[in-house]
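Mind having a look at this structure? Questions to follow.
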């Protein structure tokens, strides 16, 4: 899971882009495909948006509000439109534009990788997979803030898996690494006639993560074998208000709800799906009023188990990528790392007791 | 001559709120001719006590759905005076656009949807969809356009969202503003001109009746008095806003959950006609032309002409909004945050013209920024005594007509004031005892 | 199938919800294709004896209201509570926080008996309410959704989850994050998070989500710098009847 | 994504099918016979379900209550519980509805061959089990005893009265039923369904028990079966959860790490026992 980043990048061909070259590169990308990149949103937030002017791109950003999943599993999506008078329905056209996702962080890319797994398992899902076609990803490194803990879940800042190119900021510009053939092709198309000094040495500077999980990520599934009945869940439930933010903004959460809505011309309408979340009250309620996860403690437990155990048991990967969104945006300031560390503590106490 | 007459209109329709008209004449003596306000009291001023300054305008906006914007702005202004919050020029321009939009919306609603059916002898606007589809469509477009103004500038036309103490939490973009301006020019003005034609063709249906009274409105020597200014009385001239209690002199009458008001005479009038009579010289050129076309000349003493004055104001508001948008576009939209750091705590009094007339909010804040004392004086309340006086003069003048016609004329009279009954019952002054 | 007969009634309220319907200018004509509006005092003179669907705006706050609402319930097949005032008492219910007699006396002095007033109650406290449209004012898309659903003869969707959900779906910058107050995490959705989307905070006008963690909510607001007193006070703006302690 | 075979493009798209017969069973339940387009055969196993779809009203998972041996049409028994089910109740012969499926695992009928089968059905739980009951009756010689225990709240909720008459009259089937609250005409057993279990004589090592009913029923039925020393391996349950997609994507039906729509709704008890949230 965890690549030695130094060797990873060191083997790759690289180029130096100063800022004007970078701007030109963005312009070039925009001629190739729709470019999507982080931009400012509100006072102190960011979001991935379609680029209309290279000036809007923010290269140094902590994280966006919504993860990149919004481009593959939109928050609100029409599954089909119908005409009930004639008993007909139309599948929705999913536009197949080429898209380049630019200035993406490693954990975000890994989030997409986890979603790929979830949407290809069992019944592969056409809507998602079709949106995933013709996507190119260009990575960029980031400076961890107090919410990131990607390293604790085995994802380094310089993890380049699934990127085509990777940008590392250096003085007055970027070192651009050629990760795969698509990246190579892009550079050669763009670089025609430009002198892109490629000889620069590069050494990864270790960046400090302020937030850490106490155990190595390899041991987390094992911890989760033993904490199902932990007290930690009910402790968290005292604070949690069940707003669902942690589900909705998580890059690897993908649960949804489906609703039909008709137009004022009552026979026409559409079937839409929306992001949903297991933290919400009605998520597991059935006709007759039975709610299979009524307590907030059981909901948080389910959420965490989906990140660290249930899917992990099948995919072999943790389904938390350490982006820190669920913590940063939780109105009740509930920290996922704190939950895990508390679970670890309880688990290790328990282990000690067993030894004695 | 008829000696006895008894009219009791229970829950007058096509007005906002609940009111009854009661006329009682025995042996030629008029015992009673009153508008009974039976709306349930809501005790807003009491509820305001202890509310944080962020919540005050949100609460007072709920006094009335129709004038929610007027309450909101007046409330914000009073809060800003009390807490010493300066607002920017941009905020002021945006607020003026909002006042124009709200007046435009409300006047169209009243003139075309609520009052016009009377002139055409139908019970509501709905039958007109079949008989006068073009008019209804134009009216709907105008109303939508007016609401678009509120939606764009404050997030929602009813109970606005983004205008808060000290400024706006969200600003329109320049593109949105210039699109709105386009629409006002391309759609708004032609539709308004069409509406004026329609009203002109109905002019002979407007009852002739005159009763001179005192006209009170906001006055401002730079522009038609809407957003801000001093108090103007046609009897005694200009009066500072802080002295509003000298004018309103509220008193309780048993037939109304809303208090009545009087100043120099037994009653006074507020609203479109009062504004027109006091400020007509400051109307925009388009509105001046409309007034001329509709035969509205100041001073006008026919309360039924209030509806016509509203149409004149619609023209004014559209043209004025276009000018204000130009002003904003010239300056460019600046990304300003609301100024919400109080510099003092105390009393603040503010006035604004809402569609139905002059409105006062008067707050006292304590040192924690919580409301200690509040008073709101609402236009419909101020008009009630004047409506009763009008009825007293009108009933004997039309006593020879059928009871049905008399009832209709009385209903039309009350409707002409465009009374906003549900807000009028909130003009309740409460002193809190700690 | 004949068109359902629809009536609108107003009780103690600002009538903003009714007006909001008139603000459906673009859809008004299509609505009239779907239903027959048989009573709507704010806009028309007509009255009817029976209705298929009655929309009720406003809270119950006088003895006359009590009679009227029972009468309407008898005449209608379906009764929909429209807007915060009708659904949970809304802003009016703040009145209940004060001793009633004191308020009345302060306002009307010795004339206080002229105007009877009882504690503010939601419509559901007196008669069976089939469906609710929450909000202050009600949201027009939701009103349309309910109207269309009832014309289809189906149960409308209810939105028993937090405003935060809709806020996140729209990718708004969180106003709590900006140091403002917000009730979005515990208030019912269905408004499409219109207030946070306009940079303003959620005032909880749609009432609270069911099965709520009330202590957690107060703690949450405390963590954002609001005292327990302020937090509860501000929750009561629209939920005076629903907040216990 | 390169090289991903896009299979099943029609994951969420229903087949427009026809209701060919409607039969009122109780105040709340109706049985519908459904014909797929072009005489297609659904090809289900007993215990599987379909997603029923009515445009404007949504979708709902409904168990197939007829045996696969009945062809080409199949039956659904629907309780009026909300948006879609209410609309379905107002539909007549000839109406169109959408069908997706069959979904879920269903019962492994070959594994049951040669065994005695005990059916424990609570309320509407009889509907999903009916497909298995009918199947075992159709293939009668392959199975041992067929014992059906059926309990409802009150006599008015009894489903499939015709079939019950047949079961009661048949020598090849042992049928017992009970109601929680009898009315004045009720002559049979009264009491909850677990009261039917102790009196019956079972060859527990060769009996398969299949249990379907309301959520609270499972715990007690299993306790009774354990009381008869029924081994866990011989017990099968079918569980209900909220469900939207039916194809393992929407997340609603998860019991711990298990998707009811994929790995269920039929659960082998030793597996269900491992799932903390299951019963």
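Note that the chains are named A, B, C and D in the order they appear, and that numbering of residues resets to 1 at the start of each chain.
Methods note: a residue touches a chain if its C-beta (ideal position, glycine included) is under 8 Å from a C-beta of that chain, and two chains touch if they have at least 3 such contacts.
Predicted model only: the values in this text are computed from it and were never measured.
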From subunit A, the most remote chain by mean C-alpha position: B
Distance between the centres, which are taken as Cα means, of subunit D and subunit B, whole angstrom: 65
Geometric centre distance via CA averages, subunit B-subunit A, whole Å: 52
Between subunit A and subunit C, centroid-to-centroid distance (C-alpha), Å: 38
Rounded Å distance, subunit A centre to subunit D centre (Cα mean): 39
Subunit D residues counted as touching two or more neighbouring chains: 56-57, 82
Interface hub residues of subunit C, defined as touching at least two other chains: 152
Subunit B residues counted as touching two or more neighbouring chains: none
Contact pairs between chains, per stated definition: A-C, A-D, B-C, C-D
Subunit C-touching residues of subunit B, taken from the complex the two chains share: 11, 13-18, 38-43, 46-47, 50-52, 54-55, 58-59, 62-66, 68, 109, 113-114, 117, 123-126, 129, 140-141, 143-144, 147, 154-159, 161-162, 164, 168-170, 252, 254, 257, 422-423, 428-432
Subunit C contact footprint on subunit D (complex, rising order): 56-57, 82-83, 86-87, 90
Residues of subunit A defined as touching subunit C within the complex: 41-45, 47, 65-66, 70, 75-76, 237-245, 248-249, 259, 261-266, 274-275, 277, 280-282, 294, 296, 329, 331-333
Touching residues (chain side subunit C, partner subunit B) in the complex: 10-20, 22-23, 25-26, 28-29, 32, 37, 40-46, 61-62, 64-65, 90-92, 94-95, 97-98, 103, 106-109, 111, 114-115, 117, 136-137, 181, 194-195, 197-201, 203, 230, 233-234, 237
Subunit A partner contacts - residues on subunit D that touch it in the complex: 1, 4-14, 16, 54-59, 79, 81-82, 96, 98, 214-215, 240-242, 244-245, 247-252, 254-257, 259, 262, 276-277
